[in-house]
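Chains: A, B and C, in written order; residue numbering restarts at 1 for each.
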Amino acid sequence: MATVGIIANPASGKDIRRLVSYGTVFDNQEKVNIVRRIILGLSAVGVARILYMPDYYGIVPQALDGLKQEDKVSLEVERADIELTADQQDSLNAAIFMRESGVGCIVTLGGDGTNRMVAKGCGNIPLLPVSTGTNNVFPGMIEGTVAGMAAGVVALGIADGPPAVMPSKKLVIYKNGQPVDIALIDAVTLRDRFVGARAIWETERLLQAVVTRGEPHNIGIASVVGNIEPVIPESDEGMALEFGGEGRSVLSPIAPGLIVKVGVKGHKKIMIGDEVRIIRKPCIIALDGEREVEVKEDEEACIKLTFDGPRVVDVRGVLHERVKKWAGERSEG
Amino acid sequence: MKTMTYVEALRDGMRFEMNKDPNVYLAGEDVGIFGGCFGQTAGLYQEFGPERVIDTPITETAIIGHAVGAAASGLRPIVEIMFIDFTGVCMDEILNQATKMRYMFGGKAKVPMVIRTPCGAGVGAAAQHSQSLEAFFTHIPGIKVVMPSVAADARGLMIAAIRDDNPVMYIEHKGLLGVEGEVPEGDVVVPLGKADIKKEGSDVTIVAWSAMVGKAMNAAASLEKEGISAEVLDPRTLKPLDIDSILSSVAKTGKLVIVHEANKTGGFGGEIAALVADQGFDYLNAPIKRVTAPDSPVPFSPVLEKAYVPGEEKIIAAVKELFA
Amino acid sequence: MEVTKETLLGFYETMVTIRTFEEKAMELFAAGYIPGFVHLYIGEEAVATGVCANLTERDFITSTHRGHGHLIAKGGKIDLMMAELMGKVTGYCKGKGGSMHIADVDLGILGANGIVGAGQPIAAGAAFACKYKKQDNVCVCFFGDGASNRGTFHEALNLASIFKLPVIYVCENNLYGISNCQRDHMNVSDISDRAASYGIPGVSVDGNDVMAVYEAAAEAVKRARKGEGPSMIECKTWRHRGHFEGDPGIYKNAKEQEAWIKKDPIIKLEKKLVEYEYAAEDELNAIKDAAKERIEAAVEFAKNSPDPEPEDVLRDVYAD
């Protein structure tokens, strides 16, 4: 039975960037609304079952509850059986649960941070990321209705592989030789000791960065790369940066409304399989915009670029593929 | 007859009416699984379910306001305000809505609702959780005010309050909740506006309500030993007030002492004194005395709180003054 | 944000002092030394600590029924607090107020409050006074998730916003208002979302991470001091005890409770301090012992203090 997972992170879009810059205010009522549109999209293409991540707010149950009488769907809806922790661990646990129960596609609502957690647990299941975070590179702004349809088409096995489902790059963070975490877009080291309020907004604390991609239209640290020498998502390369006042100064939008000159001492293209050593310690590594990993003076840390990130659904590609198949069926029949 | 505590009795009154009338429901903060701050609603959630025993957010304005709307539209809400002190934050809904609607609409609306709320000092809860505010409400035309002192009245007055077609302020005293008494079972109503002589006597009338009734009874017992026969009269309902019963008692004794826990100035004791002075002046052979709390907020420290709440000694002293 | 070892150890000391004070209050309540209601702050220490670290004596706070932690973090004197809890004449309020009404106006502490949601407009008023006098001091309003359902919250935020007041609304979202779970009392999961309706920036942070709270509060206070107006910080946290002492908390899910106890803010900070070699375990124990000693001394002071005199009832009703 074609099943689609829904992971809607109730906590995305609330961080300190709303205070220090002009981060998007994304309230959960809108997430509920988007989930409604996704569910109707799934139902329209014939998906039989939804498995969702539970949360304190009850985004998915509220979405179902609020559907108009004439829109009530007959899909089977099941709650992923995980223990709630009310933090980002929930997204990871839900992704693992969904992978193990064999869903055909996972739709995420959140930002880069949410998708990073899901990517840690989803294995080979294609992800369809819908942006609801503060400033994102990984998920696109996409209408929920068509996102639901596309996820359904993937789950039903109608489309798979490029250009419908694309591979992605990722960064693996190693500490003392052990992989400890991953990032989908960027890993940035900061002259900080604590995770604190998580986000990055003080450029004077930037030390090094490694990115899987970076284009001038991105927001966040990826935009710095984009403004020096763009790296596209499909290429098999990444970039390593070293920050510092002595080098060139790159005007970049590093947070919503926060366009600042970032000093870059050096940059270097890296290839899949390359490892970048963390030289300035102690530091904190921010993964996809959130301070996560603490590296002490005496710890060895490095960041490796790989191409085994999550498989990502391209809504445009999927729906074109579907139309093509229909056309084929019509001409055959 | 059955032995019950005051709190069990008032709960049993609610239960009785909820079983009888499907339009009666209960709403308030933590009245559900928590069973109320002092256990007043314990078990009702399990018995009647979440549709009729409703936990609300901390939103007194909307608790009372919604009850006004629901009552005007055919339901009979019982709403709880966790402490009478919090009526301060929903006073408009009482003062300008619940109590005025019928009159302003030319008698065309009915607002049958009960506001249940605990009053009283004695538990160290300080100035914002200990007040006796009945006089606020007796001053508002359009609402009835009920203050039971014993378990049987707690049940009977509850049933009457729910059946009444007007807003009723049902004020339960925190210090009485655990006090046991004999309570009649079944459809037994204590009518609103009917006083009760809790002890007969011939020398002096002590009018007291709520927790002060017990203290007046103890004072009367002590006075009895000293040869003074005191009659203890509990109005039970302050509005409407059974002034006739008070007058006939005073006609018999010639002396009146009024006891209430609320502070003196503007207290309901002043109203009773004025009525008796007006309608029963000839019965009196001594000045009317009031025993009340001083004109201060309720203090926290047990020493101060004890000095604040009128006690037996003060009642005895006031009575003796009339015989000096 | 630069945070030194000294700052962190300061946080630790404050949090441990609050915890020790509360544990003592719990014990004294059970033993009958403290009358009335006692609402303990155990589990939420990082919030008051992280926020108040950004304030000076000239700044104001409004507190709540769960206020001991706010007072201690703002510099309140524990001996006067303890004496007040026991209703002694030497207490902060001369025994008139008790746990729910402790205040230290000289330190800008405009009082704990027995009325949920009462502090919200009062805080706007204190901030109004700061602005009116053209000073750069600010006011912080602490309030709970439950309190954000009161009309006062909405009216105060709107007023603060249009008057552009130097006030920071700090929501201590411990997910419950007495027995009422947040998902049952509001259809919003992040209370910071509510700020947006009033044109105020709102953020949510991990309220059990003192660094996260500190950082967010630092930005909000900076904003307020610069005249950029109010902000709101929602701190997600958990109360370890019942609503008040005596409440067994049966309405809470045991697994939830267990998961949150694991996120204890003091243990979290302790781990960091040890990991970074900012303090060895015995140094942390020394801080704890010192806190215990100070609190024992406060208890002695309180126990040996006289009760008020009955005639004090009528004192301080009016200013002369």
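One rule holds for everything that comes next: contacts are C-beta pairs under 8 Å (C-beta built on N, C-alpha and C of every residue); 3 or more make two chains touch, one makes a residue touch a chain.
If you're wondering where the values come from, they're calculated on a predicted model, not measured in any experiment.
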item: Distance-to-centre winner among chains (Cα means, whole assembly as reference); value: C
item: Dominant interface by contact count, named by its two chains; value: B-C
item: Maximum centroid distance from chain A, chain identifier (CA atoms); value: B
item: Chain A and chain B, separation of their C-alpha mean positions in angstrom; value: 61
item: Separation of mean Cα positions, chain C and chain A [Å, integer]; value: 36
item: Chain C - residues contacting chain B, complex; value: 35-37, 87-89, 93, 95-98, 100-101, 113-117, 146-147, 149-152, 177-180, 184-186, 250-251, 307-314, 317
item: Residues on chain B engaged by chain C in the complex (per definition of touch); value: 29-30, 32-34, 37, 55-61, 85-86, 88-89, 123-129, 294-297, 299-304, 306-308
item: Contact set on chain A toward chain C in their complex; value: 10-11, 14-16, 18-20, 25, 27-29, 55-58, 62, 83-87, 192-198, 202, 296
item: Of all residues in chain C, those that touch chain A in their complex; value: 1, 3, 175, 182-183, 187-190, 192-193, 196, 201-206, 209, 211-212, 214-216, 219-220, 223, 231, 233-234, 236, 255-256, 259, 272, 275-276
